[in-house]
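Data block below; observations after.
For clarity, chains are labelled A, B, C, D and E in written order, and residue numbers in each chain start from 1.
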Amino acid sequence: MPKLTGKRSKKAGLPPGSLVHTGEKKAGEVNISVIEYDEANFQKRELKTIEECFLLKDRPAVTWVDVEGIHQIDNIQKLGDCYNFHPLVLEDILNTDQRPKIEDHENYLYIVLKMLHYEEKAEVVMEQVSLILGPNFVFSFREGMEKNVFHSVRERIINSKGRIRKMGADYLLYTLIDTIVDNYFVILEKMGENIERLEEELIKNPTKQTLHQIHQLKREMIFLTRAVWPLREVINVMERGESSLIKDSTRIYLRDVYDHTIRVIDSIETFRDLLSGMLDIYLSSISNRMNEIMKFLTIVGTIFIPLTFVVGIYGMNFEYMPELKWHSGYFTILGLMAAIGISMLVYFKRKKWL
Amino acid sequence: MPKLTGKRSKKAGLPPGSLVHTGEKKAGEVNISVIEYDEANFQKRELKTIEECFLLKDRPAVTWVDVEGIHQIDNIQKLGDCYNFHPLVLEDILNTDQRPKIEDHENYLYIVLKMLHYEEKAEVVMEQVSLILGPNFVFSFREGMEKNVFHSVRERIINSKGRIRKMGADYLLYTLIDTIVDNYFVILEKMGENIERLEEELIKNPTKQTLHQIHQLKREMIFLTRAVWPLREVINVMERGESSLIKDSTRIYLRDVYDHTIRVIDSIETFRDLLSGMLDIYLSSISNRMNEIMKFLTIVGTIFIPLTFVVGIYGMNFEYMPELKWHSGYFTILGLMAAIGISMLVYFKRKKWL
Amino acid sequence: MPKLTGKRSKKAGLPPGSLVHTGEKKAGEVNISVIEYDEANFQKRELKTIEECFLLKDRPAVTWVDVEGIHQIDNIQKLGDCYNFHPLVLEDILNTDQRPKIEDHENYLYIVLKMLHYEEKAEVVMEQVSLILGPNFVFSFREGMEKNVFHSVRERIINSKGRIRKMGADYLLYTLIDTIVDNYFVILEKMGENIERLEEELIKNPTKQTLHQIHQLKREMIFLTRAVWPLREVINVMERGESSLIKDSTRIYLRDVYDHTIRVIDSIETFRDLLSGMLDIYLSSISNRMNEIMKFLTIVGTIFIPLTFVVGIYGMNFEYMPELKWHSGYFTILGLMAAIGISMLVYFKRKKWL
Amino acid sequence: MPKLTGKRSKKAGLPPGSLVHTGEKKAGEVNISVIEYDEANFQKRELKTIEECFLLKDRPAVTWVDVEGIHQIDNIQKLGDCYNFHPLVLEDILNTDQRPKIEDHENYLYIVLKMLHYEEKAEVVMEQVSLILGPNFVFSFREGMEKNVFHSVRERIINSKGRIRKMGADYLLYTLIDTIVDNYFVILEKMGENIERLEEELIKNPTKQTLHQIHQLKREMIFLTRAVWPLREVINVMERGESSLIKDSTRIYLRDVYDHTIRVIDSIETFRDLLSGMLDIYLSSISNRMNEIMKFLTIVGTIFIPLTFVVGIYGMNFEYMPELKWHSGYFTILGLMAAIGISMLVYFKRKKWL
Amino acid sequence: MPKLTGKRSKKAGLPPGSLVHTGEKKAGEVNISVIEYDEANFQKRELKTIEECFLLKDRPAVTWVDVEGIHQIDNIQKLGDCYNFHPLVLEDILNTDQRPKIEDHENYLYIVLKMLHYEEKAEVVMEQVSLILGPNFVFSFREGMEKNVFHSVRERIINSKGRIRKMGADYLLYTLIDTIVDNYFVILEKMGENIERLEEELIKNPTKQTLHQIHQLKREMIFLTRAVWPLREVINVMERGESSLIKDSTRIYLRDVYDHTIRVIDSIETFRDLLSGMLDIYLSSISNRMNEIMKFLTIVGTIFIPLTFVVGIYGMNFEYMPELKWHSGYFTILGLMAAIGISMLVYFKRKKWL
């Protein structure tokens, strides 16, 4: 369940560009992996210190630096100084409650995305991924909640599968974004399954638990909407091709991701509509059940209350009550009461209460 | 009932352009029929192997290749290679949870639509239709759930009815789209009938079943909306005429389909509004019925509870209760109770509870 | 009550431009009246056969052909051929579930509008009116449900009242549209009266009937909205003056109709808002009444149930119950019960339940 | 409370430009006051006949003609003829259910606004004000419900307070509009007070009356919205300065009124949101009260119904009921029943029903 | 809790530019602090009289005049005259119910913002801040509810921390706006905490109090929305750079604040969505509880009402009732009743009412 309260307030009063990590403090390690490749060769390394990274700066091959774990602020600071990234960009990388956005800083593009994971307790967790595209490099900064996010991309580079080795850094950027968006579909399918399960539950046996699960899903949809809607604009900006860092040949692929994003948004909207409808169903089913309960009480009550009155009459102690002396008085009254009861039942049957 | 969960996740992690069929696996046959025609002649064939298709490539007549069944991936692959379709286009043809869209690839237009069928259990089923328009050919790819979708178009070509033989491939494309959109009206009429039936049911005898049917229709409307809304934009793009593949003479026909699409959207909106109103009616009718039940219990209860109290009094065993000795005590009390009961009834009558 | 289901499906599978009348089949006569006029003269005729109409084609005076009844398809066909109207236009004239629209066919403008009538059972009926404006002629095609729609316009031409005889065909077109829009206000006033009557009913004595009438009005508003909203755009297009068939001098009048249309839309929106509010009031008044009923039962029950218990105690047959022997036992108990009852009433009074 | 039904239908069938007064017929007098002023001098007169007005036509000073009461149609007609106003403008002045609008007739601007008053019964009344701005004159036409609307403006001219005497007719126009918009704030404050009073009532003691007052306010908000929203566009058009009748120096003042209009709209939106929230609160408080009532009945019922059963048992007349013979049987049973009752109370206490 | 009713009506009838303070009258002091700085030096002073301020007018260094407390009208008047601010600007500074806006007066920019504070009783309080940017000066006018709003900025100037001393007046303006927007996050976090607390309460133990707190938060969200939405446009206008007073180097910082504003709006929208969902949950939980109560009454009632009837039968005084003579009659009946009661319980168990 996404938290409503970040630690954004830590920053209030600081000058712009102050580097403060606003995510959850983690003791975990920071892994920095670097892949350099061109059509013929590739080289993969795990960096020990951030300084090694600086040597890569002016090489001709495409370089991808993947930083997993952003809580060591001075790493980010050093990288920023070396590659001349704007302090506000560094600030945003550390500030993990950004919304998806793109910024064109002439020499590089800065992009913020949200990666989604599904944790054990059936909860969606968001992780911020920052991407920087330069002329021949891509930086990716991740919080590192899920280790193997970009595993398939790395495999593809190493095995030289698909187009990826033949094309430039912009295509690598596209591949990373595509991987993230493709992952949304996995999340949406799991949510779709949950919704279908709840719909069935709602028809068969709605409980208080069902309501809370509907509410829970609605809540997650709200956060998902906020995470995905701006992405549409981000990719649109890239596709429109105002930056020279993105080549024309990559544009058609971006249009494809754009379509995927639209479909993700479509699905979320559909889910939200469905969940709203489910709440209405839940409320009517509560009312229906109340009706049933009341009907039951009413039937029992209206049959026995008059009968109890009748037996009460013959329980009175008046001296002169002629019926009491009759030999068959008791059985007559029993018969009368049976008649009253049965005619009541017939009446309810006709009123369709039974 | 449309499924919420596709098999889109199969594709996560694959490079773009990987051909995976995400619809339901079918064992059924794949039928490929080809019609070549110009104003004077026409020729119709069923293809056995996809390779025969390649011979048609550079003929002057208009060629329409209708592929029914898209689960044989290598067919699509071969066609794509021969006609030089972009891998992403082929990927989209196989990926059956696309939303309607149009893509201009200079040499050809790629269009995705949704065909609707009404199955026996009164459920709307969607089928994806992909259309590719080239200078003198049209490809149509269908999942093949409904066999005779384009039957009437084929008839028209064979019988040379209407304008169709005199005009080019773009007019054929228009005819196919028009056939699909015309079919929407059939679906909408059936839904309209359902809604009118439900409205009557709602006034006469609303049951839990009515509620579920309203919910069911609402659900289908949500999916319909998503299938038809983007179509508006698709046809609008074609009509605006930015592609040289669509001649000016065809534009007026496209405007006509555009109008039809708007009317379909209008109807769907109307239906959604009506269904929302019906839910409100349902809820109030439940509340009304609850009121009736409670009123009944209240009337019976408030008449007999005081009377039972009265008979209880004379059932007490006090030694000195003067009334018990009275000769007419019993009948006096009976009369008194009748008076209480009748005045109660009058009171309820006045309060309009009876 | 507008029907949800037209006969639009009749057309599925037919080539575009096929003439099929989709309204209700009528045996009634078709009246074709023609008026020719210029500033000095006018001539009025009822046509027997459609062929007479063709003679009028190239005369200099303004000609108005009013076709009442569109179910004789060959009439429309012949007219269309003679005046060279596009087959799609003829198709749309016959297809009576169009939405308001305007089409510019260079030599003529084609306009579709909805005329509203109020039938005896207080229901709004829609009739499609198609107008065609040529350089010096106006055609009007009506379904013919209401005979005297354009009576006042005809009178004005005959009596040479107002500007109408001095101006061209475009002013005649304006006059016809103005007549239709003016009629909307009549309908809206009747609806406004209904709404005010319902509002009063809602406060004084809401019944199930009230609910159904609110629903009925809401339903009609939905259809009205769909009929009037697009009209705004239609008139706007005319006023913007992209067609040379409409003279500048007529533009100021079109702006006036535009204003009226906006006001009609405004009123409909207001009515819809009011009706939504009324439903809420209805629901709360049901809940309120339920509360009243429950309160009544609760008061009666909680007073008499304990008292019945007390009398039950002294109806027990234990051998040693000292109170039963007391001489004043009976009256003491009666007094005690009176005290209990009165204090209950005081309690309810204080709780504001009485 | 604004009426839903105007007398607009009076006009159906009449040619455009027919002068019909659609407001409520009034016998009251018509007051026409004229003020002429320039920086040095001013002159104020009450006109007896409309003809006097014509003499003012070509004077160099700024002339303001304020017509209070528009039910004497021939006055308006004569004025219109003399100043060459378009017949449709005159029609609109008389037709008092216009929405705010601006029309540029080259030689003059025609503006319609809504003036608001608060009548004794706490109801908002709307009055239509039409303004015509010429090169050196302003006409204002009012229905005359509130006499002193423009009193403060007249005072300012007479006392030469502020900028007004130094500037032209356009500034006078601005001043009149500003006066009307400023008055909206007075109305909004009164409504705000009502809403705050209702909010308090809702928390302390909501009654059926509260509901009707919420509904009443919602209803007034609907009408207010329709009266103020279009005003925004009207003033925006003036400020954008497409008309040469409005000087650049006045534009900054118009921007100020524009801001005020936005704030009025903002407030209305806020009020509508608040009122919607209040309805929800009302409904929940009804439900809450129902719960309380039911809880009370349930507690009383479930305590005494079992006890009544117990006393019923010992009221049975079996010959062999050993307990009846016991000497302390009566008191044992009384004790038992007390125990049952108390444990019930404890149970309810624990369930938090007490 | 924001008041609905300002004192805006005080101004009705006054000429534009009249200076009236519409906030709450305060007796508190007015503090005017001035800081002059360039890269090398800075000087800080508290002004005693407003006249001292005039001396600063044409100095080359950046001057920041911070006016805390705006209820001394003549101070504002004198400042305005000296710096040649437009009377309408001065009017707006005093009128504290402005919405955020920006006005470009060629020589200076006038900006209105809303500052938020969180008061002890967990209420959000708004304070209007007006900023004026000239070529080398910034004026800030505050109501002075919170003293230390701009404390951190002053510290940064004095300690020469960050970029602030090296850049011009536009950067100072940015810093002030950034400080205000950063403060929004603090408020939002507190609100987020409240919402999370309420959500928990809602699941565990919803009371009437919970409802009022939800309503309270919704109400505050309405006001927050109105305060923050227009800010987006204000900053957007600044960033687009139409004014020469804002240098290009500052633009990137404004884009950063713009992002923050979007995130604030996003959060508010999320909170509003969540609060709406919570109301639904509250209503269903009331209904659920009602169901529970009714179920309880129904179970107790339907078990004991028939049993009471049975004991009533054997309480009748007929002379010939054979069962009464049976030796084991009493115990047979007791057993029978136990059987009835137990089978009832089993029935309820099966119906899942227990």
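The rule is simple: contacts are C-beta pairs under 8 Å (C-beta built on N, C-alpha and C of every residue); 3 or more make two chains touch, one makes a residue touch a chain.
What you are looking at is a predicted structure, and each value in this text was computed from that prediction instead of being measured.
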item: Smallest number of contact steps required from subunit B to reach subunit E; value: 2
item: Contacts common to subunit A and subunit E (chain labels); value: none
item: Rigid-body rotation angle, subunit E and subunit C, from Cα fit (steps of 5°); value: 145
item: Geometric centre distance via CA averages, subunit E-subunit D, whole Å; value: 26
item: Approximate Å spacing (C-alpha centroids) for the pair subunit A, subunit D; value: 43
item: Residues within subunit D bordering two or more other chains; value: 283, 287, 290, 294, 297, 301, 305, 308, 312, 315-317, 321
item: Touch-based graph of the chains, sorted into line, ring, star, complete or other; value: ring
item: Subunit B partner contacts - residues on subunit A that touch it in the complex; value: 152, 156, 161-164, 175, 178-179, 182-183, 185-186, 188-189, 192-193, 195-196, 203, 252-253, 255-256, 259, 262-263, 266, 269-271, 273-274, 277, 280-281, 283-285, 287-288, 290-291, 294-295, 297-298, 301-302, 305-306, 308-309, 312-313, 315-321, 353
item: In the complex, subunit E residues that touch subunit D; value: 3-6, 8-9, 11-17, 86, 88, 97-99, 101, 103, 208, 211-212, 215, 218-219, 222-223, 226, 279, 282-283, 286-287, 289-290, 293-294, 296-297, 300-301, 304-305, 307-308, 311-312, 314-317, 321, 323-330, 333-334
